[in-house]
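For clarity, chains are labelled A, B and C in written order, and residue numbers in each chain start from 1.
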Amino acid sequence: MNGVWEWFAWLNQAHGINLPVFYDSYDRQRFFAGLLTTLELSALSVVASVVIGLIGAWLLGTSSIIARRLVHGYVHAFRNTPPLIQLSFLYFAVGNLLPRLEGVGGSSRPLLDGFAWAVITLSLFGGSFNVEIFRSGIEAVPASTIEAAESLGFGRWRLYRHVVLPLALRICLPALSNNLVNLVKTSTLAYAIGVPELLYVSAQVWSDTMNVREMMNLLLVAYVGIVGVLSFGLRRLETALRVPGLGTVGGRI
Amino acid sequence: MNALRVSGRFGVGMMGLLLASVLFGEVQAADGSASLLATMWKWAPLIGQGFLLNILISVVAMTLGTVAGLGLGLGQMSPIWPLRHAAQIVTQFFRNAPWLVLLFYCILLLPYEMRLGGLVVAMPAWIKATVGLALPVMGNVSEIVRGGVQALPPAQWDSAEALAFNRRQTLWMVILPQAIKPMLPPWMNLYAVLIMATPLVSVVGVEEAMTLTRFALSAENRSELLLPMYLALLIAFFAYCYPIARWTARLERRFAVKL
Amino acid sequence: MLDTIAERPAPAAVASARPAAAPAVMLANVRKSFGSTRVLNGVTLSVKRGDVTCVIGPSGSGKSTLLRCINALTPVDAGTVVVEGIAVHDPALDKLALRRRVGMVFQQYNLFPHKTALENVMMAPIHVLQEDREEVEARAVALLTKIRLLDKAHCYPGALSGGQQQRVAIARSLAMRPTIMLFDEVTAALDPVMVKEVLSTIRDLAEEGITCILVTHEMGFAREVADQVCFTDHGIVVEEGPPEMIFTQPEDPRTRDFLGHVTF
């Protein structure tokens, strides 16, 4: 590993391409901590948004009008407002209303830190799209297939578990992948409330070292890499689940 | 009709929420301070102007991104393979890079002024930011164009070829006119994504609605203003985006029936 | 009050008391409307155990609806439907008990596209009846052998021909070991060769003594295999009887008219 770090030091001396995040141990430590934060932020939001999407789509299928109205309200509100303002609203305004935790020596800190609010906002934002995606997937399962299962004696729960959900998942996977990839890209917003994720630490590094160009390029490579790995994994899942003769519904941006 | 009723109910709900938050703030506010409503009213014109800048940025970025994306999308289908591969790589790159990172890239790395021939064009921050937003739009439009064209039955190409159209004529006279309609809903979706990305430019200091709201909040320095001010900003964006979203959904349904 | 009910046995009790004579399926005065369209206007029909009954009639006369009322896919508005002693018209119907006995095959096959042919056949016994997996698999393999599709056991429905899919759909229903099978125009989407495959599969079932009710436009098949033919028009059973009678000397002018328009 040391050889690699030394090569970057040489790159700086010989060619003026300055990437201290590889050869300087302090910058390296904060850069990779930022990378880890971005990965954690993305992973938590992706999982939570899928759970929210499933619950929302399920509630839309229930007979309770109140539940359906609430889900509709949530979906419309989060889909049609800028995520950055959602984040600021939740972090600054709502966070300000929550009780504070008393620390040692009379100091106090907020109940939820920036990282937690970023996860909450991203999950709600991504989840609002997932609700629609899952719902349209469920709706695309043909009524005749459901009837066939009913006439074989499947009850409501087993019908969902073995027929509707497996088909709906396959149908909506492309749209879901698209949305999850977007969610990872949106995680950069956490920068705005000072969560030390990849963009934030990179900005610290470039303002300390004045190597904007190098850091920018590194950052782009890092994000394209993260997004690439996620979309590769999702595409593999799509291929693994693909069955002949089953179409998909179109993806959104 | 139904859409109107739903959005009407929604609007009432949002306004109710706003009023409740204002009332809540009034109760919290210290005695003798100015009323929250009056304070918000004072700032409304300035923030409203900021919001117009959001719209301006979105329109310019959408136009730039669409023109560039159309070229890139056609490049993705070029019979010349180096061009095709280059266009595909560029498209994937701008689709997969986070918007905020591309924005920083343009803000920090574009020059302050550009020479076009003998003309010196100044590049203020908001122009650079607009270019930064146009880049991901370009990548996405390129994909929309490719998807729209490839969704057409291949028989269309064959029959045009049988009628002795050349490739260029086929594309402009047969394929694109048919592909435009199904491309419209995703393109409008993209515009909605773009307008909701415009507050990002506040991070790099452009004085749009979000920047000005934060400015007003720090000038007033009253914590009970946080909730209603941010809520009002959210409602402003909602009022602009929601009708577009409904319209898009309607077009989507209309075109889906035809398939 | 309770005593009087106990003294006069319910129809279901009568049915089980004389199993050989009681009909497998009995419909009396069944009515069904969708909104303002009256689809069934008092259908009365009874099907003997082990018989093959063919339902024929013009398009839109309510044949599919009639079939769907028998396994409660469509709830009836009025009248009684009794299947193997189960009161299907009863709102408190135990659907699972009914559907264990009654299998249904559809015109569009409706296989589960995400499961292979073998899995399609095994799914309901495993998940609905909660039977032992190995036992079910052995039975499914036997069924696929019977319909001559064992070599396609691991194909997905999308990779099978229409006739093959339809036979898998029949095997899927049979895996539940029903005593009654409903077929709704199961050969309508198939070409003549595949029609033969499917009809011969149905003929085998009839020989095993499974009660079959078919909606069909295959008059030749009806004539050859049916024990009873039933002609419906405008939501009522106009005429029923053995095929020789219906096809050669129909009594009702509407039946005559309909048969005059079909080719054999």
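Methods note: a contact is a pair of C-beta atoms (placed from the backbone, for glycine too) under 8 Å apart; a residue touches a chain by one contact, two chains touch by 3 or more.
For clarity, every value in this text was computed on a predicted model and none was experimentally measured.
Farthest from chain C in terms of Cα centroid separation is B. The interface with the largest number of contacting C-beta pairs joins chains A-B. In this assembly, the C-alpha centroid of chain A lies 20 Å from the C-alpha centroid of chain B. Between the Cα centres of chain B and chain C there is a gap of 56 Å. For the pair chain A and chain C, the distance between mean C-alpha positions equals 50 Å. Listing the residues of chain A that touch chain C in their complex gives 142, 144-145, 147-155, 158, 162-163, 166-167, 170, 241, 243-246. On the side of chain A, the complex with chain B involves touching residues 72-73, 76-77, 79-86, 88-89, 92-94, 96-97, 181, 185-189, 191-192, 199, 203, 212-213, 216, 219-220, 223-224, 227-228, 231, 250, 252-253. Residues 71, 73, 95-96, 99-100, 102-104, 106, 108, 110-114, 123-124, 127-129, 156-159, 169, 172-173, 176 of chain C are the ones that touch chain A when the two sit in their complex.
Only residues 6, 10, 13-14, 93, 96-102, 104-105, 108-109, 140, 144, 186, 189-190, 192-193, 195-200, 202-203, 210, 214, 223, 226-227, 229-231, 233-234, 237-238, 241-242, 245 of chain B touch chain A when the two sit together in their complex.
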